Amino acid sequence: MTIAAGSSETQTALGVQQWMGMYRQMLSIRLFEEQVNELYKRALMPGLAHLYSGEEAVAVGICEALRGDDYITSTHRGHGHCLAKGATPDRMFAELLGKEAGYCRGKGGSMHIADPKTGNLGANAIVGGSAGIATGAAFSAKQLKTGQVAVCFFGEGALGQGLFYEVMNLAQLWKLPVIYVCENNLYNEYTHYTETTAGDILARGTAFGLHAESVDGQDVRAVHATAARLVERARRGEGPALLMCKTYRYTGHHVGDISREYYRSKQEEQHWMGERDPIKLFAGWLLEQKHAEKAQLEGIYAEIETQMKKAVEFAVAAPYPGLDQVEQDIYA
Amino acid sequence: MPEAAVRELTFAQAIKEALAEEMRRDPKVCILGEDVAEAGTPFKVLSGLVEEFGTERVIDTPISEAGFTGLAVGAAMTGVRPVVDIMFGDFITLTMDQMVNQAAKVHYMSGGTWKVPMVMRTTLGAARRSAAQHSQSLHAWFSHVPGLKVVLPSTPYDAKGLLKTAIRDENPVVFFEDKMMYKLKGPVPAEEYTIPLGLADVKRVGRDITLVATSSMVQVALGAAKLLEEAGISAEVVDPRTTWPLDEKTIVESVKKTSRAIVMDEGYGRYGVAAEIAAVIAEGAFYQLDGPVKRMGAMHVPIPFSPPLEDATLPTDRTVFEAARALCSRS
Amino acid sequence: MPEAAVRELTFAQAIKEALAEEMRRDPKVCILGEDVAEAGTPFKVLSGLVEEFGTERVIDTPISEAGFTGLAVGAAMTGVRPVVDIMFGDFITLTMDQMVNQAAKVHYMSGGTWKVPMVMRTTLGAARRSAAQHSQSLHAWFSHVPGLKVVLPSTPYDAKGLLKTAIRDENPVVFFEDKMMYKLKGPVPAEEYTIPLGLADVKRVGRDITLVATSSMVQVALGAAKLLEEAGISAEVVDPRTTWPLDEKTIVESVKKTSRAIVMDEGYGRYGVAAEIAAVIAEGAFYQLDGPVKRMGAMHVPIPFSPPLEDATLPTDRTVFEAARALCSRS
Amino acid sequence: MTIAAGSSETQTALGVQQWMGMYRQMLSIRLFEEQVNELYKRALMPGLAHLYSGEEAVAVGICEALRGDDYITSTHRGHGHCLAKGATPDRMFAELLGKEAGYCRGKGGSMHIADPKTGNLGANAIVGGSAGIATGAAFSAKQLKTGQVAVCFFGEGALGQGLFYEVMNLAQLWKLPVIYVCENNLYNEYTHYTETTAGDILARGTAFGLHAESVDGQDVRAVHATAARLVERARRGEGPALLMCKTYRYTGHHVGDISREYYRSKQEEQHWMGERDPIKLFAGWLLEQKHAEKAQLEGIYAEIETQMKKAVEFAVAAPYPGLDQVEQDIYA
């Protein structure tokens, strides 16, 4: 097996079908986000959204290493995690538009997609806010002996939140099956993470006794192999881990963040998009390995594009919840 | 309170019994907090539980109020029923994000798909000479937040029945215990019972004035009622027991009958629980009120350490008696 | 608002101007917060300040609300005058311990020896389609805490004058800005002025009903007043401007004159700011009130994302108009 | 110079007068706390108090390395810090009894002694609650270029508070002159710290880029030498440090904590009191070095004992604040 440039990780040997599934997932996320941007530009989307484009290998590589009943928590930049864990685009779009057919009946929106059926404990609009929830899901897994694992996705900005250190300590003390996945895309909103993050990120995990490592977040095979190892380790009761994925967001902090040159250069963006695109890199490998033909990949693209457009149409046409919904679901 | 009850328990024992019974009934119930296991909390409320249920269910935590509260939110969503112990109510400051932005909203934001059946037990009340960071009664904050329920028991009987209900509730419930009340004794039947959340209790029936009192203020109200009795004034004491859900009907009906009201609560004097209840009364019994609703409770000051100063911040039987007598003679 | 004012600024510009003037006046004033420097905050309220004052005084922080708020408390005690920026009011949950157990109590607990002259600027208000964790108006919590002052400006003029006063105040002051109001324009004189904390402003004089409205609700109240005018009802609009100190006198005097009142505030409907003000009115104007004080504001629900649902949680000119008309016709 | 057993630290060479001053301070703290316990037993003290006995070398060693205008923040177990920073016993006792003559006019009590004149920003009853304040004082020192340093005393239990990690990050990013002094006395109330603390304490500092080291907290000369080095480093603008002092509290978590055998053994207590007492160790060294004679030390003891008794008498006799004080000092 060829090792992708920039990754020293031993790759997992998966079947072609699984590789192709991952490819589809990554592409789905990318095309989903493109539609979100369109909806924003067409002024059809209420509020803002934080696109995951560029980071697809992280969500897909990790979620592919999880069981259906394993848990995830997600972030404000959460569409990718939700899709990778099994959400369907139509109900996602419906949620983004505030429609009754959405995952949260329209009450959550872009930053709060949640779905018990796919183990999605919810995206969270409080930076770092879900670290406790993910740790608690791992606590349940241990307490109820279900063998489940929980993954907490978070941006490197969440390293600023004290809660994160409190729960890493708890997770390590109690050997909870939780993986803290840091998506280091270099920016906290409009500020480079080096201006907000002293010391060493991995050391912030090892200081609490966690197993910690980093991986090239643009290489889905490396992400997957590392995640698979950490997830199995956690499942065996060997405790939590911190995994830092080095990645990049292609577009603005949110869809409205168009002029970015005051905080990052066009060259930097072009470098990542041109040289480090996770989908292109993976496609290249698939072709090279003869797991797929070019035409086949093109077919997949067209297929997903159509699917996304249909999903958008569904969501646009779907009705809003009735006004009686305002006072429903406050209490269970 | 049922007439037949003979067994007496302290408030602390009632709490512990509720926990023990619920933990026996449901193996998913567990307790998390600082020094809850062998130490049984500094107030010794939980002594003995770890012996029966083991350290897997009575779990000592680091001093990480935000962390273990957040953990409890996630645990509650996924099948465990955690009861979190926050030693002093003053420390809920550290849990506000997890309780308010997470626990309270998960069910709503997820369109009713996830639930957070957890209980936070914590304390309120001054008068322990513990100064400003260990004496607050901050239940107004949680009462303000839709998605949370807030319980304020005032007797051993209520404490047990309400705590059992809180543990069985499918929502995050915050349960405030008055630190000064742990040794208070009262009848608690040996038989199983629960008390629904949202049902006020008329602790004393009266004709001339309604004293609406929460938690620590209930005993003060009852003391004042006795003094009033001697002065020929018949006071009704209504204990809402939960600030959310709030049993407005019982409160308003009482005031419609008596036409005068004092609301007593130990939270800071302004923008607190007493304001809401006073507003509810002023609206609901507007045409029956003979005089303005009076609010009494902690003064609107940080709690001072010095004993005479601290004592001055709280109403007493006597100050309430006098306020009530003045109200009754006015009209 | 002075008649002579001709210059118009937006609410955001007024805030920035207040900061710039105070930073020029006093080199000890500095700003701390997430993306406050080059980005000028996501709302662009601070754009340009870093260019004038440099990154030593306009300081980007990590996403550590508790941490930099705590740091500001210590800095304020020791000679710096920090203005802390909490991007969304929903995140004050993370600062409650530092604000309530520390900032609010330092002066009192130290027997008046230490002072905490800091300002926390943050936001409130829904209607931005930002869902339950980015839409709250949590000012009632801070209003409940003795030791803090709470400011709720509703016009560019008030924003500038009150912020300058807040920065000069020797106490911790929390300053809530309505996110939806940043683009609102209004007259702001070019000359230096300040507005004292604790002075309500009668935004419109009327005879028949008093609308007490805070922050975002002031514009709604003024809109309703216009509709009422057309219906022959003269509404007075009173804006307390600060919930603590609270100018009870102006509020109560107005209601004594009009004999009817609606209190409007965007916080959650129960146990909030409106309850306190309603209770103050019901007590202070008891003998003049013709009908119960009505409370209007955000519904007592987490803020839903879906536009029609979110819109339904808030009062509008029309719903307030109707409530007011009903109140006025009742008696 | 002889190195005290258990310490590998190079000792600072101080004059006899300074050594003797430190000895007096340590003894003052010990005898102060004994009087506090007496007051409790005589039911003269409102509420509880957390005694510093056993930990004297930490407060004294550190504060001796500070300038008068340097800042400290203290904890619920704060009498030692306040005295070492210059508080006088009479006003301390007065505060503990809630009297007008106390440092806080009786409004603060045992857990809130504060005093601008000695740079004492205040003891704090919220575990970890003063980490932000100390960091902020260091921020002021840097901002106003005063050359001051801030010391944040905290028990190892405060390592559980997320705030601590948030401010270490800030301090390191901005190179603030603050020393975080962890008093590791092995217990968080009634729980051994190993049950609450995963990983490695010093690593929790180095992960954020802080200089971190540990010292024998029973050896006042070692504590002082280390502190002097870290304080000067901070004063030079080289940034914050984490210093862990290994120590032990002799008595209960608070004066009412009498039966401790369910969480720690009598032998353990006896070992520390017998073999590791900071005052005895220091006295032994002073005698050995001929810095003092036995009779002289005995004289000092008698003198301080008398002083403490007088201070107690002063406090007991002092008047309570007038009731009008309740509503004073809420706002400046």
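Each chain carries a letter (A, B, C and D) given by its place in the written order, and its residues are counted from 1.
Just so it is clear, contacts are C-beta pairs under 8 Å (C-beta built on N, C-alpha and C of every residue); 3 or more make two chains touch, one makes a residue touch a chain.
Here the structure is a predicted model, which means the values were calculated and not measured.
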Please flag the chain sitting at the greatest distance from chain C, going by CA centroids.
-> D
Look at the interfaces B-D and A-B and say which one is made up of more C-beta pairs in contact.
-> A-B
Whole-Å separation of chain centres (CA-atom averages), chain A against chain C | 37
Mind checking the centre-to-centre distance between chain A and chain B? Centres are C-alpha means, answer in whole Å.
-> 41
Rounded Å distance, chain A centre to chain D centre (Cα mean) | 47
Per-residue overlap in chain D, given as positions that touch at least 2 other chains = 104-108, 112, 124, 126, 129, 159-163, 166, 169, 173, 195-197, 330
Touching at least 2 other chains, the residues of chain B are 61-62, 64, 66-67, 90-91, 94, 97, 101, 108-109, 131-133, 146-147, 301-302, 304
Chain C partner contacts - residues on chain B that touch it in the complex | 90-94, 96-97, 100-101, 104-105, 108-109, 131-133, 140-141, 143-147, 243-244, 246, 267-268, 270-276, 278-279, 282-284, 286, 289, 291-295, 300-302, 304
Tell me, which parts of chain D touch chain A in their complex?
-> 159-166, 168-169, 172-173, 195-200, 203-204, 206-210
In their complex, what parts of chain C are in touch with chain D?
-> 28, 30, 56, 61-62, 64, 66-80, 82, 97-98, 101-102, 106-117, 146-147, 149, 170-171
Which residues, counting only chain A, touch chain B once they are in their complex?
-> 71, 73, 102-108, 112, 114-116, 121-122, 124, 126, 129-141, 143-144, 146, 150, 162-163, 166-167, 169-170, 173, 328-332
Name, in rising order, each residue of chain D that touches chain B in their complex.
-> 46-48, 98-99, 104-109, 111-112, 124-129, 157-162, 188-191, 195-197, 262-263, 320-321, 323, 325-327, 330
